[in-house]
Amino acid sequence: MDPINFVILASILFAIGAAAVLLRRNAIIAFMGVELMLNAANLALVAFSRMHGEIDGQIMAFFVLTVAAAEVVVGLGIIIAVFRARQTISLDEPAELKG
Amino acid sequence: MSFTTPEIAWAPLTPLLIVLGASAVAILVESFVRSPETRRRTQLVLSLVALVGAAGAAVVQWATLDGAGTVVLDGMLTVDRQSLAWQVLILVFGTLGTLLFASRTRAGEEAFTPLGASAPGSSDETLARRKGLQVTEVFPLALVAVGGMMLFTSVTDLIFLFVALEVFSLPLYVLVALARRRRFLSHEGALKYFLLGAFSSAILLFGAAFLYGATGSTSYAGVAAGISSSTGTDALILAGAVMVVVGLLFKIGAVPFHSWTPDAYQGAPTPVTAFMGAATKAAATAALLRVMYAALYGLNWELSWLFWVVAIASMLLGTVVALVQTELKRMLAYSSIAHAGFILVAFAGLPDTALSALPFYLASYGLATMGAFAVITQVRERSDEGTVLGEATRLGQWAGLGKRSPWLAGAMALFLLSFAGIPLTAGFVGKFVAFSAAISSGAWPLVLVAVIASAAAAFFYVRLIVLMFLTDVPEGQEDAIEIDYSPLARTVVAVTAVLVLLLGIVPGPVLSAFENAGVLLLGAGG
Amino acid sequence: MLDLTWLLIAVPLASAAFLLLAGKRADRWGHWVGVGASSAAFVVGLVALIQMLGLDSEDRAHAVHLFTWIPGGELNLDAGLLVDPLSMTFVMLVTFVGTLIHVYSVAYMEHDASRRRFFAYLNLFVAAMLLLVLADSYLLLFVGWEGVGLASYLLIGFWNHKPEYATAANKAFVVNRIGDIGLILAMGLMFTYFGALDFGSVFAAVPQASTAQLTAIGLMLLVAACGKSAQFPLQSWLGDAMAGPTPVSALIHAATMVTAGVYLIVRSAPIFEGAPAAQTTVAAIGAFTLILGALIGMAKDDIKKALAASTMSQIGYMMLAAGLGPVGYAFAIFHLVTHGFFKAGMFLGAGSVMHGMNDQVDMRRFGALRTAMVTTWVTFGLGWLAILGVPPFSGFWSKDKIIEAAFIGDDVQPWILGGAALIGAGLTAFYMSRLFFMTFHGKARWTDEQHPHESPALMTVPMIILAVGSAFLGLILATGDRFVTWLEPVTGHAEHGEPVLPAAVIMVATLLLVALGAWIAWRKYGAADVPETAPAASLATIAARNDMFQDSVNRGVFERPGTHLTRTLVYADAALVDGAVDATAHAFARTGEVTRKTQNGQVRSYALTMVVGLVIVILVVVQGGL
Amino acid sequence: MVNTVMFWIIAALTVIPALSLLFARKAVHVAMSVVLVMVGLAAAYVTLSAPFLGMVQIVVYTGAVMMLFLFVLMLVGVDQREDLKETIKGQRWIGLLAAAGLGAFLVSIIGRVTLPTADTMPSGDPEAVAIALFDRYVLVIEVLGFVLITAAVGALVLTHTPRLRPRKTQLEVQRDRVRVGADPVNKPMPGVYARHNALDVPALDPEGKPIEHSVSRVLEIRHQTQEGAEFRAALEDPSRKEGDR
């Protein structure tokens, strides 16, 4: 089977991740959606790397992994800060900035 | 397998190394200096020395540049005059931003919360304030952000682009959340900025993956080569290119990827807004320039549509919504969206002249932005008992400011006129060179829209000027506003005001310097 | 000295900066600094003028290079001044009239707490206006153009304690921005076609350009001129701008800034020469505005607004002349100069009347002021005679020439333009006489609290000087075609065309019409009683109040259609043009209100906007790119 | 070329749990499903000849990142259920449509592309990865260090509370307790000095009176306690049953 199918899989996961950001009110779940998008990109990179027969795509995936982990730390930090202030992590709740 | 140590041209990276190295040292300072006050002083001095030193190093690099520049590590990074120009620009914004970060009100209050972890209004917060705690981590965070932005302007590899994007984004997300007052808004702004920022960087990354898949390379030069020799992968290339560009347009704040701007600008502590508004836009513009000219130049025709539509949408939406804003920071945020549109006008058709016009435009815009927000930090509300509260950002509160503080109001008027592009200010020359770049590539309908939009935009800038100079303080409100005095913030106001005037009246030297920078070392087109 | 002309701009500018920065310390003597700066500029101008007069006419254009402003590969923009007879004329007008008005303002603004600031703005205005006329490129002209806009904006809104004044300032700003867009676009076109913006290069490149290109540029310049000079359809701001202090109206809205449009057209003569369609449009707009302004002038009871309408109308004459080509350029500028004198004088007179009448502006509350304010009456009367075009006063020499020139040409054009100019003269005579008689003659209609008195010498002396100018300047400059010859290096030598009617016939017809208009005005407003409240004048009520017209055939024939036309046009002006401005502003605000709702504060909606945008972009780019 | 069966297993292992992101109500369930997705992705990496990356994926993602998510979920209340009813008008349908459209476009774009697959397999073993990482990409690695520093500092700034009040000694704790009028000594246990030692029976003081606050407040609120008086009465009068209350 052609590895390009993994890219198709990656695209589907990417779309699911995006949908999670659009639809879920829970900040943590929405954030997991973003993580899924990053991982989908990783899958695409690795699949392309396999198709090109070289390792660069994999290396990039390593970087993305690291960056994503760092992003999770900062993101969860912000979510906790919001939670401490408002006792909720609903994304609908903080909507004072608008217009 | 054998490993040979890679050859790295360290010398051209000196400015970058200074800034990032200083940030590491600053983290150590955080750990080892206990007293908040000493820490703050040390951090301020360290940051300023590093930023000014780095700017000096960049200038030395510029002067001693070997030929057109240096490609570091097989195309990961390119140091040429273009990137040095942007680096200097970002270092200037970084220096001014650091001054604002450190500025305090007359009562000795910083712009940042004393304790980021405390809940707003909690006893911990009060206690931390009483104990004089300070989040001096803002200085190393700002240094990392500056370093990331400098990288962002010089990288010539998609994966490095993504990493650099995160390097400067993460500290900004944190900084936005650290306001001292109106912390709910600050948190909200940070959460929105973070979530949408992560979302957009995922989009950028997916696009980069597509480009890698289609061309087999992540370096700009490799992508450009892959585009010109592509067979059967056009759709993949186009989709990838669009997603990368969208990721960058998000940072520039262009419609429809703009929605974070007003909320983050309003929620963030004003010094952060100033720094973010000036530097992020510059860095993102630089990165977009390089991506477009060095990697995606072959898609010029296909992508021009995107730039046209996004530019027009940004100019119109930014202008029209700014007209009805009553909150000052929000109004400036929408004006920044309109300016994103003006910036993109110069991208239409990718003329060579844009490479020298845009650095100037961003310099003029960034200086005026820093100045305007610095002025905002100086105008504060006062409670009935006479204690000084947060910044007065409702438009009505600025009525009669010209009489209370002619200098401050005059400087603000100057910045606003520069935003509006009135002659003898930097903004006029900036718009002039940017629009003439667009005209030179035949995009005159776009320039027509831009001219009309900037004419309409002048209305809300001038409205504020009228409010400041031609309106009296409302009856009974004489004591509701306090003009604060912070030497550091005043320095920023003075410096930016002088520069905005100088760049408007004698832009010659700077323009010709950028003229030199208008050539990319690894340009497919420019 | 010609190389030192930059001092003309620098001195008032420095004085403005000084006055703004000096703070309260300078409140007591700051205005004299302003007067001094303006006088100094006049002296510099005078010396330069004398030096220029000593040169041969072909050497009189002198370029002063200041510095390189915007350097660039293809585009190199220098900031430089062009000192030639045309700009020198303006320099003299601006500095001389400007200085007189400065002096007048010292007394007029005496009781104003921010007099120092007022003088700073006045100086700023003078500097910007001089930059406008001395610039050697369109770009630098634009700097001055925006500068006078800004200064006038500050000055109109100077008395900001009344809300309508701020509104007026806003309106002036909006309309002027429309004009500015015209100038910016004209520059953009020049830059695209010629790659240059300085007068020399642009005019040198004109012969190679196509007529279509020149027409486009010309029309854009015309939009700019209309905005600044209050010509149809961008005239609406001028009346409202009268909210500003009266010296401002005299300086900016009569003598100098509003004539910048005429200057722009005359300066751009080579472009218009290559674009006959644009040139004809200029003339047509001028002709239309001169009638429109006159009709509006008939309907106004506010003395300043009536004068503003008159200004509009007189600038219409200048535009008409400027649209006639080389035969008209010199007369346009000539009329501009004489008008600068007599209209500024009359505005100062109006200010003097207001000064004596507790700021009353309604002419229906005046009357019989000639006894109370003799100097004002005499000086105003000289201005009145001048604007009527009564020989040998100034207006006669300039206006008559324009009317005569309007009759030159082929086909119907001379009949239309000439006819308009001729009728305009009659209308002018009517409404200016109405104004004059209502103010100074007839019965006193003021209330007991008002004690009209003559103004102090600081105010009357400038009025007297301007009145002397109104009386004799035309004669002096017209003798031996001095002024036309003086301008010839710039405007080119015009072959004297033959009007379609003999010149003598035109002159007699003009004078007859003027006499008729003045006589009707005397009958109605001088000899008869003037009602203290304006008669309601909607079309229906006029028809119902037939008795107004019964007593004389004269009135029936002349008045009824006239009133109808006047009221209709004034109404159309208010409803359509003002309405269009307001509607545009409203539309913008509404759009903004609707659009801001999309920023609903929900981060998920923001993400949705991004995704939808992304999907559309991918769809179009990928589908379109394949 | 890759194993077809393997692909379909991985596809099922990733897409189905990923859908929980859209439809599961409890955040914990979502997190656990995402762990599964990550494992599936690791398997995919191994299949695509990136074994080392696969291992790292498991260690970093399932082992660290997702655990962090779980920790935070527990911090904010693991029980949180989300009402899936949409609050923003049109958001659900436009959102689903947009996301589906995005996915469909991306898939169709890939379907349109012809990309050859190289015969040579990239070597994804640790040594090859290490050499690549520290050769061309060494600067990226170094810069990544700053990303991690920022993350650590950022998290500390946002969540770490330094000791603001001095630590209380045992003596101070005791004093505080006495000051607010609490028992100077330990609370008596319920059921003490009685024939029952059940939790719902108050303790008796030396005089035989029941000590009311020895019973958990929760039980009192639920009316599941036995009041001392009644209890004694029941003792004295065997005819009265406890259940009569």
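As written, the chains take the letters A, B, C and D, and residue 1 is the first residue of each chain.
Methods note: contacts are C-beta pairs under 8 Å (C-beta built on N, C-alpha and C of every residue); 3 or more make two chains touch, one makes a residue touch a chain.
This is a predicted model, so every value here is computed, not measured.
When the partners of chain C are compared with those of chain D, the chains appearing in both lists are A, B. At the far end from chain A, in terms of centres built from Cα atoms, lies C. The central chain here, found by comparing per-chain C-alpha centres with the mean of all protein C-alpha atoms, is B. A separation of 43 Å divides the Cα centre of chain B from that of chain C.
With centres set at the average Cα position, the gap from chain A to chain B is 25 Å. Rounded to whole angstrom, the centroid-to-centroid distance between chain B and chain D, based on C-alpha atoms, equals 37 Å. The centroid of the Cα atoms in chain A and the matching centroid in chain C are 63 Å apart.
Contact of a single residue of chain A with at least two other chains is seen at positions 7, 14, 17-18, 21-23, 25, 30-31, 47, 51-52, 54, 56-57, 59, 63, 67, 70-71, 74, 77-79, 81, 91-92, 94-99.
Those residues of chain C in touch with two or more other chains are numbered 596, 599-605, 607-608, 611-612, 614, 618, 622. Contacts with at least two other chains are made by residues 88, 91, 95, 98-99, 102, 105-106, 109-110, 113, 115, 128, 137, 140, 144, 147, 150-151, 154, 157-159 of chain D. Under the stated contact rule, the graph of chain-to-chain touches is complete, every pair of chains being in contact.
Residues of chain D touching chain B in their complex: 105-106, 109-110, 112-115, 127-128, 130-131, 134-140, 143-144, 146-147, 149-151, 153-154, 156-162, 164-165.
Residue ranges of chain A in contact with chain B, taken from their complex: 7, 10, 14, 17-18, 21, 27, 30-31, 34, 37-38, 40-41, 44-45, 47-48, 51-52, 54, 56-57, 59-60, 63-64, 67, 70-71, 74-75, 77-79, 81-82, 84-86, 91, 94-99.
Interface residues of chain A, counted against chain D in their complex, comprise 1-9, 11-20, 22-26, 28-29, 31-33, 35-36, 39, 42-43, 46-47, 49-59, 61-63, 65-74, 76-81, 83, 89, 92.
Against chain A, in their complex, chain B makes its touches with residues 116-120, 159, 162-163, 166, 170, 173-174, 177, 183-185, 187-192, 194-195, 198-199, 202-203, 205-206, 208-210, 212-213, 216-218, 262-263, 266-267, 325, 330.
Across the complex, chain C meets chain D through its residues 600, 602, 604-605, 608, 611-612, 614-615, 618-619, 622.
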